[in-house]
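Presented sequentially are two complexes of chain A, the first with chain B as partner and the second with chain C.
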Partner chain A sequence: MTDSKPLRILIADDSDSDRLILKTLMKRLGHQVRATANGSEAVAIFPEYLPDVVLLDVMMPVMDGITAAREIKAMAGEELVPVIFLTSLTDAGALARCLDAGGDDFLTKPYNKIIIQAKLGAFNRMRQMHKTLSQQRDLIRERNRQLLEEQQLAKRVFDNIAHTGCLNADNIRHHVSPMSIFNGDILFACPRPAGGMHILIGDFTGHGLPAAIGALPIAEIFYGMTSMGFSGNDVLREVNDKLGRILPTGMFCCAAMIQADFHLNQLRIWNGGLPDVVLLRKGGPRELVPSRHLPLGVLDSARFDATMELFHTSAGDTLLMMTDGVLEAENEQAERYGEGRLKQALDTAPAGEPPIDTVLGAIRSFTGEQSGHDDLTLVSLDMVVASDFHESAERLPQSALKGPAQWHCVYEVRDDTLAQFSPLPLLLHICMEVPGLRRKSADIYTLLSELYTNALEHGVLGLSSDLKTSPDGFSYYYSERERRLEQVSGHYIRFTLTHSMTRKGGKLIITCEDSGQGFDHSSQITTGAADESGNANIKYSGRGLLLMQKLGHSLRYSEYGSRAEIVYDWELAIKQPGGWS
Partner chain B sequence: MPINTHRSDDGHTLTIRIEGRFDFSTHQAFRNAYEQDNQEVKEFVVDLSQTTYLDSSALGMLLLLRDYAGGDGARIELKNCNNDVRRILTISNFEQLFSIK
Partner chain C sequence: MNDKPHLDEEALTELQDVMEDEFDVLIETYLKDSSDRISHLRSAIGSADPDAFARTAHSFKGSSINIGAPMLGELCLRAEEAGKDNRLDEASDVVDAIEVEFQRIEQTLKRFLA
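And now, the complex of A and B:
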């Protein structure tokens, strides 16, 4: 015995002499031995002795070897306990029966020491291999169970993030396949504060956790920016930029973005790498919107094209979008569903059936029992009359807190930063933390932007709008703006924002001060719109003040024009005549 | 390019499309777009379908175009504007000066 520790060996043989010979032989080989006189004794001792190898005589009184082998194998269960028959039989049929009963091998009498030693060694190796494999299998099984449990938990979190918004709106139908816990598909929908909605459908390269991780920042950007009133192409640019930074090369997201406007009844569509988006006109005709862009996360922001195509629609039109999984769905013959079958399904659809049901039904009957491979996402959007779409800010995802109501902040931009940096997005962001102001993001942005432009151009840079009286004056004004901006130093523009609640809503006071010499706001502000109509002598400038006056509740200049204050009363603003709903 | 132009086949209509933000930074490009090679142009179309934002200096530029195209006799159409852009145009009473579609 050179290669292993002693084995525990159980022997059953009714011949006293044979039993003694074998027992002596085994002990000399260095093994531990228990010897019994029949099968029944061996079976009785087995559970307590737990031998590594069992040697059974075939023919014994009380219980023969074959019966004993069956019982021992049953007790051993998954564990491999080699059973070797001891026999003087030479009949091939009888030997085969021994193996059929669960025996692993046999030793013929008289015993040969070298053969016995070799067989014990071989069976021991097999036993150990079996043990290792079983342990590894158990480990894998346990790890897999843990992983699935974790994924299920993660999916609950993911679903809360990814499937909020307005996917359950009356005019949206969708199907998200349950193939794996995380497939690479994403589907988001969110109402826009000014009306209408955004839908983003996408398909990440890859599956599982990596795809889900990529989906999280998209969800955050999509819902965040849409709720703040950003347009579809702004959202696309931001998502593309973010994915480009976080995803490894070779991983990206094929996607289609839809911006739906139910007031003007129009759709803006961007398709980067997904199958054709199908616009089904009421009454039959179809238009396809093919992928004209690279997927999200491939191009850098300078080369990325976020242009969305514009489509005028009417109530009753339906838009259908899908991921690759639809065209790649396979039947039992490994044929793909493909564009042809999709077209045919839509061509022969019964009137009145929602197109998404038509396509889903067609795919199911095509793939048959292969539905386990189902890995597809479909969404359809019905164009409706604006009044039928119950859009409201209440649908917007909101944080648990109602948002800041009473606050005050001062932000000052100084020196050469004035030439390099626009504080407007940051200031807008601060204002948009107030839920009630989100619907008014366009107004707020215009107010901030006009105040800033005036403070910078007329105040800090000392440019007079009198220059803007001719096309060349206009050009001179802007080239001068650029030139002076490069040399700006020792200046500041200070924004002070104060928000408070009122009985009917809230009030935002924006103050903008600059370090300039002031400017003649009074002569500009008299350029009222009413004077302009029909007046041949229209000034090219001065419209910023007018805009601010009309959007804000009040506009007041002081300090010779170097300090401007606007009061924006947001509940009142909604009710102003001529305001847009 | 943030500003693209397109001429109708007969050369009478010049369409100027502004992508992204229409503000002072597009001034020179916008001016070039309508001043260059336009002897036959009788009508201007400003396509705002891709315009996300428009500020008061853009309003001034539109007025420059209007005067360039003949003042009160100018034929200028502003089309496909989004809600926000349209609101700015409306507040400034530009409907009285331009045909907004």
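And now, the complex of A and C:
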């Protein structure tokens, strides 16, 4: 060890002969010595000499050893400078007072060389250990500060990419702990261009930075694809594929994906590894949507099943989703909150209280209130009347960049691709290259998707929309749609898009042709109009055509309905004082 | 009444070993300090200052023990206690005893000097 290294020793003793003995003894032991005759001199010398060990006589003129020890310990601060009292005292009380004053040990007279050497060695080891500990503590403190700083920075970057989307919509309530990204929880919501929204709630295996890094591509895919009009299962497939490629084995993301449509009052739900999603019917029973899939990032794309369960809902129904942290919340007895308590809390909830508040309150009283440190992520979605949910695409800033203005394109989907692929995101993407059109993405998407749905279901597949007027027919319609899609062959759907500029903005002409027999569009419009004028039981099929007429400048069918043309005139936003509105 | 030896031969030998060339300086320093202290003890009695008396006796005690004169140390301890207990009337007798013992030590130590 470092026993052989010379120490710097400061001595204070008023007795000349004692001082001489000690000083000589220390020098013989190979140490450096400064000797003073009283406490005051020792205190004065201490800051510049910075000794490793201080030896103090107890009784000295001017300043006694006990006072000097206090001052020296105060000056040394966090550093350990052993103070050893020199004494011929033998009574225990007096010795104890020396230690109370901050002394670390004492040496009794007559001095013994071997004992002094042993004590100095012991104190030096203690001093070294203290120094090592202090350095390591400082290092840990610094590392921790760095880590927190990096986490704050990472959180800022993360929040920019994985922003909360439309989580602040009136019909969404949510709770996430402040640093949730570092416990691996994610919660995103994004409006769909055609109306409605996607919500993704998830929980990564693992904690800390790895979990947060995995969340970033999910956010990009989720917001990117949802804004472009991709459906929930398209988003799920892409996320699963991406996570499968980037995450190490054993790391995955338990998640639930919700696709909400407020026009049709429908929910599509996919649950892979999260606790049961709870659908609270207004005034009715609860339905549980248990996990039916493996978490995201486990299965390869060939085996991954992105099928979402369809639920018909009414305004006033509420969907409640949560991560494992809810069921795993522990009280002081290390009991888990669990499904039983969750069920009981919902059973006994006061009428009118939002379910998410009920659950949060119940967990808080169960765990005994440590709200700042929870690991809880919950979100609830209220089903609302479509017109109460406002999209925000209109508020997007207009790009100052000039994009394509005069263009024409034809895109044709053929044969079994019709059963597997939706051309809508691609077509929307092409249209969104026109800067002024970006704010109209919801309109364009609605037009494209209505044209496509009509062409595919009525044109190519030959389904009659009359089927959809009864609930039974509705489900028959969709099962028949699936069946016929599997057999489709020799068909096509062709989109022709033409865009040109006008004085006020631009004109987009969308033509959609299909290879089907055509359908009687005129009767549908009549039916839809009748519904508009008072019938509350709105027919799904009529709604689309009405919507298209309302959005498009003109809608024209030809070739017995197998060719539809829409002219969409759009205007540039007027520049308001203070910027583009 | 005092069963301590006059001189601790072992302690003295160790001191010689440690101090080497400076042993003589040490002995001379001790002898000079000690006779100074004896006069301090006397003057403290004269000025009726038990506190100063006790402190001088304390220092004298420490250095006597260190130099290897335990009986002198023991006498100094008694003087120190008398001072602390404010019994200066008894102090003169103790100082007399100290002086006698010191002269004895002085004689012996001078024989150690080269």
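The rule is short, and it goes like this: the second predicted complex is superposed on the first by the 378 of 581 C-alpha atoms of A that agree within 3 Å, B and C clash if a C-alpha of one lies under 4 Å from a C-alpha of the other, contacts with A are read in each partner's own complex, and residues count from 1 in each chain.
The rule is short, and it goes like this: a residue touches a chain if its C-beta (ideal position, glycine included) is under 8 Å from a C-beta of that chain, and two chains touch if they have at least 3 such contacts.
Computed from a predicted structure; not experimentally measured.
S.K.: Taking the superposition on A as described, I'd like to know which of chain B and chain C A:449 touches: first, second, both or neither.
M.R.: first
S.K.: May I ask you to decide whether A:478 touches chain B, chain C, both, or neither, giving the answer as first, second, both or neither?
M.R.: A:478 contacts chain B only, not chain C.
S.K.: Should A:234 be classified as contacting the first partner (chain B), the second (chain C), both, or neither?
M.R.: The first partner, chain B, only.
S.K.: Counting only touches as set out at the top, which of chain B and chain C does A:118 meet: first, second, both, neither?
M.R.: Touch status of A:118: no partner.
S.K.: Between chain B (first) and chain C (second), which does A:307 come into contact with in this model arrangement: first, second, both, or neither?
M.R.: first
S.K.: Taking the superposition as given, does A:17 touch the first partner, chain B, the second, chain C, both, or neither?
M.R.: second
S.K.: Once chain A of both complexes is superposed, is A:426 in touch with chain B (first), chain C (second), both, or neither?
M.R.: Neither: A:426 stays clear of chain B and chain C.
S.K.: Touching A:126, do we find chain B (first), chain C (second), both, or neither?
M.R.: In the superposition, A:126 contacts neither chain B nor chain C.
S.K.: Count the residues of chain A touched by chain B and by chain C, then name the partner with the higher count.
M.R.: The partner that reaches more residues of chain A in the superposed model: B.
S.K.: Would you pull the chain B residues touching chain A in the complex into a rising list?
M.R.: 19-20, 24, 27-28, 31, 49-50, 52-53, 55-57, 59-61, 63-64, 66-68, 71-72, 80, 82-84, 86-88, 90-93, 96-97
S.K.: In their complex, what parts of chain C are in touch with chain A?
M.R.: These residues of chain C touch chain A: 8, 11, 14-15, 18-19, 22, 25-26, 29-30, 33, 55, 58-59, 61-63, 65-68, 73.
S.K.: Which bits of chain A are touching chain C when the two form their complex?
M.R.: Listed in rising order, the residues are 14-18, 20-21, 24-25, 28, 57, 59, 61, 86-88, 109-113.
S.K.: Would you mind writing out the residues of chain A in touch with chain B in their complex?
M.R.: 194-195, 229, 231, 233-234, 261, 263-264, 268, 307-308, 310, 442, 445-446, 449-450, 453, 468, 471, 474-475, 478, 481, 529-530, 532-534, 536, 538, 540-541, 543-544, 546-547, 550-551, 578, 580
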